[in-house]
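We just call them A, B, C, D, E and F in the order they show up, numbering each chain from 1.
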Amino acid sequence: MDGLTAAEQREFQGVVEKRQMREFMQMYSNLVQRCFDDCVNDFTSKTMNAKEEGCISKCVDKWLKGSERMGQRFAEQNAAMMQGGGPLGGAR
Amino acid sequence: MDGLTAAEQREFQGVVEKRQMREFMQMYSNLVQRCFDDCVNDFTSKTMNAKEEGCISKCVDKWLKGSERMGQRFAEQNAAMMQGGGPLGGAR
Amino acid sequence: MDGLTAAEQREFQGVVEKRQMREFMQMYSNLVQRCFDDCVNDFTSKTMNAKEEGCISKCVDKWLKGSERMGQRFAEQNAAMMQGGGPLGGAR
Amino acid sequence: MSMFGFGGVNQGPTSAQKIAAAEAELEMVTDMFNRLTHSCFKKCVPREYREPDLNKGESVCLDRCVAKFFEVNVKVSEQMQNQAATRQGGTPGTGGMFGM
Amino acid sequence: MSMFGFGGVNQGPTSAQKIAAAEAELEMVTDMFNRLTHSCFKKCVPREYREPDLNKGESVCLDRCVAKFFEVNVKVSEQMQNQAATRQGGTPGTGGMFGM
Amino acid sequence: MSMFGFGGVNQGPTSAQKIAAAEAELEMVTDMFNRLTHSCFKKCVPREYREPDLNKGESVCLDRCVAKFFEVNVKVSEQMQNQAATRQGGTPGTGGMFGM
């Protein structure tokens, strides 16, 4: 963040960390609901069958890997946006 | 909530009550939108026909009863989780 | 807002303005995501084709015009509700 | 300014309480508007977006959709107030009952 | 009261910290309940709403759906704790990595 | 740090204002990332989840999807700035116009 003094940077860092904890919780709850909706559709029993368990595990893996990859692409685009001076007012 | 003194319990109770009011508002707004989306699809007139009115009323009933039933199952699962010491870090 | 003194009105006005800025940001982010979901489905290249660009532009126009029209109808219904004394407790 | 008869803010509330209540009501109206525009746009405007302007059918549909959303809002509010009376007390499924 | 072993709130936290942690946990449980009711209602109750009461099938389905949602919650929590160990450090895709 | 040319925070803002603006921008970027990952995962990764890793097609699709989301974000921002100029003043459909 350009334009912040050292003290302001430290304070902002505290804000970012608190926010990251909330973001992680939000991502975790989204992930549980998304994989539940996609993988669990058989209510003839109240415990998961093998197919559902496998689906949940792969859904979580795919999401974590996909989210990581998109995070890298996002950072690259964001950096390019900041240098290139594109008109994305909000992200500068 | 284990580990809270009497004074802390009282303060926390205040937090819970304020939150419950907001939760109720949120649940009410969700219910209006959900039943509207499911029941109202005919825009040849600007007032509801009998079929739509019946659908809205049953949708609200089904939701309140379903939500109550799930609340009971949720409380049972939550309690079992707390005794059983299952690894759901967040809910303890 | 009936019942507020002049000073309270001014303070409330400040609240409304801050909230409007946030609402505008929220509406903008919703619009980007809605038009992206509706218009962009071809990932054989990493830039938009002509059809997608046209779709995005018309999607934004339709949304802004539709949102404006619904805002007018909403204000009329809201005003009627306040005079007519309908039982919509929340909106009075 | 009381909602569903809850919370007696009428006995001489402080400025802060009056402004908080006004803000809560604005939040409620804004939330309702956001939900209404989302639902009615989806029901009345097909996703092909053939032209930039709203055509006749879309415009009339949006007008009627707003009116019907208000009607549903009133119906649900009445239904819950009757049921809350018969259940004498809080609504099921709120925070309090999670074995906390 | 620690979640996923994060944040050592055990070394004599202040009242404010203890209440904040209790509120964070209530938020987490309420959020889970809201998501669970949304998903299970959609999976177990068809939208035709033929009668106002829950029929046998819908009731049994809701009971099992709640149980399975808890099971998935535990499985995902375990899977992420194992993976967090192997990745030694923060989870990818959080705020910090947007080139900020 | 001004967004869409609003709010002149450049005339010697206080620390609190500078940090609030930085936090608002972080909120905006995080919100955009959350929406982008939601939309692109749904468009690029089929729900059968046959194997735990991303296959070639899914990976290339996600890369291109991120790029196109940014492109749309820029296009919409430009379109609204042009229209805001022609409408000289607030954007329709915001809080202010609910007969309040």
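We take it that a residue touches a chain if its C-beta (ideal position, glycine included) is under 8 Å from a C-beta of that chain, and two chains touch if they have at least 3 such contacts.
Quick caveat: nothing in here was measured; it's all calculated off a predicted structure.
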{"item": "Subunit C and subunit A - chains in contact with each", "value": "F"}
{"item": "Equivalent interface to C-D, taken from B-D, B-E or A-E so that over half of the residue contact pairs match", "value": "B-E"}
{"item": "Distance between chain centroids, defined by C-alpha means - subunit B, subunit F (Å)", "value": "30"}
{"item": "Inter-chain centre distance, subunit E versus subunit F - centres from mean C-alpha coordinates, in Å", "value": "26"}
{"item": "Gap in Å, rounded to a whole number, between the CA centres of subunit F and subunit A", "value": "15"}
{"item": "Numbers and ranges of subunit A residues touching at least 2 other chains", "value": "1, 16, 19, 23, 25, 39, 57, 67, 70-71, 74, 78, 90"}
{"item": "In subunit D, residues with contacts to at least two other chains", "value": "3, 26, 28-30, 32-33, 37-38, 44, 63, 65, 67, 73, 77, 93, 95, 98, 100"}
{"item": "In the complex with subunit F, residue positions of subunit C that touch it", "value": "1, 16, 19-21, 23-25, 27-29, 31-33, 35-37, 39-41, 43, 45-48, 53, 56-57, 60, 64, 67-68, 70-72, 74-76, 78-79, 82"}
{"item": "Complex interface listing, subunit A residues touching subunit F", "value": "1, 3-5, 7-8, 11-12, 15-16, 19, 23, 26, 30, 38-39, 55, 57-59, 61-63, 65-67, 69-71, 73-74, 77-78, 81, 86-92"}
{"item": "Contact footprint of subunit A on subunit F as seen in their complex", "value": "1-5, 15, 18-19, 22-23, 25-30, 32-34, 36-38, 40-41, 44-45, 47, 49-54, 58-59, 62-63, 65-67, 70, 73-74, 77-78, 81"}
{"item": "Residues of subunit D that touch subunit B when the two form their complex", "value": "3, 6-7, 28, 31-32, 35, 38-39, 43-44, 60-61, 63-65, 67-69, 71-73, 75-77, 79-80, 83, 90-100"}
